[in-house]
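As structure tokens, the structure follows; a few thoughts come after it.
Note that the chains take the letters A, B and C in the order they are written out, and that residue 1 is the start of every chain.
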Amino acid sequence: LAASSSDEIEALREQIRQLDQKLRALERKQELRDEAAATAAKPPVVTAAASGFGFAAADKAFELRIRGLFQFDARFFLDDGAPNRDQFLLRRIRTPLTGTVAGIYEFNITPELGGGTNSSTTVALWDAFVAARFSPAFGVRFGKFPSAVGLEPGSNRHFIESPFVNSLLPNRDLGVEFFGTLTDGLIDYRLGVVVGVPNNTTNFGGASPDLNDGDRTLAGRITLHPFTQLKDSPFAKLSLGVGFSHGNEQGVAGANLSNGLSNVTSQAQQLIFNYGPTLYAAGTHTRISPSAEWYPGTPFSAVAEYAHEEQDIAVDATGLTRTFENTAWRATVGYVLTGEEATKSGVNPKTAFSVGDGGWGAFEVVARVSGLDLDSALTRPVAAGGAGLSRNNNVKSAFAYGLGLNWYLNRSARFLINLENTEYEGAKTPTAAIGARDDELVFITRAQLTF
Amino acid sequence: LAASSSDEIEALREQIRQLDQKLRALERKQELRDEAAATAAKPPVVTAAASGFGFAAADKAFELRIRGLFQFDARFFLDDGAPNRDQFLLRRIRTPLTGTVAGIYEFNITPELGGGTNSSTTVALWDAFVAARFSPAFGVRFGKFPSAVGLEPGSNRHFIESPFVNSLLPNRDLGVEFFGTLTDGLIDYRLGVVVGVPNNTTNFGGASPDLNDGDRTLAGRITLHPFTQLKDSPFAKLSLGVGFSHGNEQGVAGANLSNGLSNVTSQAQQLIFNYGPTLYAAGTHTRISPSAEWYPGTPFSAVAEYAHEEQDIAVDATGLTRTFENTAWRATVGYVLTGEEATKSGVNPKTAFSVGDGGWGAFEVVARVSGLDLDSALTRPVAAGGAGLSRNNNVKSAFAYGLGLNWYLNRSARFLINLENTEYEGAKTPTAAIGARDDELVFITRAQLTF
Amino acid sequence: LAASSSDEIEALREQIRQLDQKLRALERKQELRDEAAATAAKPPVVTAAASGFGFAAADKAFELRIRGLFQFDARFFLDDGAPNRDQFLLRRIRTPLTGTVAGIYEFNITPELGGGTNSSTTVALWDAFVAARFSPAFGVRFGKFPSAVGLEPGSNRHFIESPFVNSLLPNRDLGVEFFGTLTDGLIDYRLGVVVGVPNNTTNFGGASPDLNDGDRTLAGRITLHPFTQLKDSPFAKLSLGVGFSHGNEQGVAGANLSNGLSNVTSQAQQLIFNYGPTLYAAGTHTRISPSAEWYPGTPFSAVAEYAHEEQDIAVDATGLTRTFENTAWRATVGYVLTGEEATKSGVNPKTAFSVGDGGWGAFEVVARVSGLDLDSALTRPVAAGGAGLSRNNNVKSAFAYGLGLNWYLNRSARFLINLENTEYEGAKTPTAAIGARDDELVFITRAQLTF
């Protein structure tokens, strides 16, 4: 019995030994599997979410984002004396490719497939630039990019259309720009050498003299964030900035833009001032534009901006050149009724709009006043020291005030409503062809989708 | 011995306890791993297959598809009296971005990079719309989208080029449209307020009066699927529809399209009717287009369509306005020789074409007859109650019949061959400059790739 | 005791049996998991790296690549007698979609969003083709693709701008081409039937006669790799080629390109020869272009190329047709200072440029001589057997020599500097409007990003 018991115990011991071996093997296999997973090259990360569409290397050194901007507007002119201008339009249809290459080279290639006017066949290159930030204090950007001179070139945070300030400032320009952040975020700077586009413009025609005059324009912007260190202060996100440009511009008499000048349109894109076929840019063009932005981290937000330009213009066929000064300004406020924080990029609604779930998104009311004051010498006879433009067709000044309601359905979709009235001075004989000389009362809606 | 045996048993028991513990630990670890995998956020899904290229959130609430359409045609005019019109052409090169944002907002942005004519430099925005389907019965679409008036705007299921019916109907239009499916799929409806484009057109020139006339056009389509409930019936996929549009159009004398009218071309895109520089749209434009589609779930398919338009046109410089009526019709059939089912989107071949494996893809024969009947008053003198257009240059009616062979190499590639003859009435003095007044016998091939 | 010992042993045995069962279950579970992973459909592969952005099915049968080309140039004319031509420009902004469908159908759709001139609004379709390689010896390509006639159509491996050879050869053409590799890589062939574009051109205007003349042009290239079998030989990557085209071309008097002819520009894209409004293509056009390329697998590289064309041109309003012959040539060498291998696609730097890590990338010096010799009869009076073009405005021949430094920051980014001088013969009365008649000394820089 003892022997048998001892044998059995021995047999059990052997069984246990084998079990233990198998268990260790299994454990080891599991460990190896875990190690392999931990040390495996991390695969690229694909994103398809409210933040957009794209894919990137795990370390983000290479990233591509495929983006879209869709704006469909309806404009209704309520009382303006000129017929037949109500319209649907594709205001902006853009499909930007943005991203990063080799860690620090950020690119942006943005075609505009339709937009600007009621023509849906306009296809243009909106942005095309590469930016390399070598350190927080120093980066370089080159190509075609949003001008540093104005606060919101070619766009508007609160309203559907830009105020008159944008009518005196460049939109996109072509060149090389240095940028950075100094003294712990207190100062942002941008300083560039650019071609120098006419006001409110992005395109460079082959015939445009601005590219061919052999001159460059110096353009930049300094932005102060005076209280950025006071993290919890409502003033932490107050920004004070000033943009500027200075350069020579040389046009040829003839068409708008080719003359190095840019006609002025109303808030609703109606022509209200036309430099005509005789005048052309011929000398120095200087712009300065101070601005203040305040996003205190609450539902409230406020932006104010001023623009002044001084330009040498040839006023007759002999090339007689005079200097003219124009100014514009605006003040905008917004308040998010549904309580979300107002940020520079908009509002991120707490609940998305949904027919089933009863969510409504976020609502923001906005208000704006803006003004334009063109040099009165522009419509004075040449013999009297002016530029000789017709007083009948061209406004001398404008004052606009408007209200709007911005409905943020979710992070991607929004629906905007604006009602704006503009009062003009000058242009006493309105004509249908030029329009918009009576006060302009316009109701605009926009359906926008971004991804 | 007993003590020793007891000790040994105790030692074994301890060993077994340890083994059991280790085993439990391993089991638990495995369970945790399984749970983690089950509850982990599902990563986005990437697709690169015959169904296309794209990526989407796991729940499909956000999805982006990057698509392509490539059509390379060769046209050979076999016997037409006009020289030098044989050509290669890039008929349609499009790279649509389509997808979904926030669950229900579907977007489509389609640039056309080349196409329409033998110019390969044409770049235009073809589609740009957002559609939100809030319930099966109700959705809204806005932007630029395929018109509801015709059955196959700007494309053709069976043949390379569209029949005459498309010459009298809009292609793309700009506006807002409501759509949905009622009574369990029995009725589909589309009803929109659009700008109102001229016939067979997608573009809105900045000078086009159709955008500026302050009027809107009502356009829509009702489609009945009368036997959709009889799932197994060959009539389940029979559709009967009627499209319509009604609105004011106002052109200006001068160029094609700017006059609010659209010249008529042959099946092979040769100009056969020219509204000329005097006539312009001046009043009501009404279109109606009934159609029938039958895809019985077999290799056979059939489509028939009719279009009638009535338009007020100013016929002289005094603005004298008269109403003209044009009609067109077509009937198309197809049969898949290799036995696959003919569907509305084409044929999905059982075996793909392959040089090595001996697969041949699918083959479908198609046939079509179509007709055009323009108002005979258009070529009658103004003094006699007509529009005063030349009888020499403009056809009065046309009748076309054609055969084709469609080779589906796989789900993405197809090669099409069409032979079509068109007989004209009217236009008795053909000229080379205008061409196509003799009967047109044309042989067209198309190589197409879609992704 | 014995019984108790026996019971205990029995209990232990049962425990061990249970442990063993659990272990087997766990092992089996693990095996099943491994099997499932091994047999699971392999998911698509996403790439975001120096090699580019894209995604593909695991077997690569379906692949999409989203690519970009960004070139921002600055040109400085150092001494040329004509004012105001210094400029920044977006030379090429392209966003190609390339990839594979169903295994063998490779596609390329390349829009050019800006480029060619200082206009940044040019949007055009650059490439649009599908190529199917059925076997190494035989494939077919159709659509719009880089012409086979020249070695580097529309681009240059070593320098920023192409040499004069490209001025006499087509850039992109439209048609069908067969291609393949014969005799174990010894011979590459391309042979196509194309529309036949004018020299140095990619666009086909709707009015261009070249598409409408009903003629086709035969175009191709044979490339020999005589020592490709000697793998380790420095001559293994020596290529000798000859491109050719032959066809009828018919223009109409009037504008450049519409006349079926293409004006000649300098290396810095300044107009130096203008066919004018009277001359037009009227008959046979034949080109031949032998070339040699040598990339011996070392830092050194060399390319030489010659082009000869013979074209029938109508020289007056009576259609009097004469034949003119033009030739051009170039020789280019490069040497990578940092020791990397020079390849046809550039240089892959051993270390990437980095401000922090002290890497500098790769540097390559390049040198080029090139010449242009236009038929002297072109500027001889018609009565004397010439084409009657002005001797004042049009150069007769040109000789250019230049140096360059190419800095490869990493695989994606490069910065190029070129200094090139061109000496002209003919055109004795330079005018500012036409420019570039004095010798042209130009300094060009390029910042380039590809992905």
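Everything below uses one rule, namely that a contact is a pair of C-beta atoms (placed from the backbone, for glycine too) under 8 Å apart; a residue touches a chain by one contact, two chains touch by 3 or more.
Because the structure is predicted, anything quoted here is derived from the model rather than measured.
Taking shared numbers over all numbers used, the chain B to chain C interface scores under half, which places it in the different class.
Matching the C-alpha atoms of chain A with those of chain C calls for a turn of 120 degrees, to the nearest 5. Chain centres here are Cα means. That of chain B falls 34 Å from that of chain C.
Shown for chain B are the residues in touch with two or more other chains, namely 5, 9, 12, 16, 19, 23, 26, 30, 46, 55, 66, 111, 123.
Partner chain B is touched in their complex by these residues of chain C: 1-2, 5, 8-9, 12, 15-16, 19, 22-23, 26, 29-30, 43-44, 46, 55-57, 62-64, 66, 97, 99, 101-102, 105, 107, 109, 111, 123-125, 128-130, 134-135, 142-144, 174-176, 194-195, 203-206, 208-209, 211-214, 250. Within the complex formed with chain C, the residues of chain B that make contact are 2, 5-6, 9, 12-13, 16, 19-20, 23, 26-27, 30, 46-50, 53, 55, 66, 68, 70, 72, 83-90, 93, 95, 111, 113-114, 117-123, 352, 355, 409-413, 447, 449, 451.
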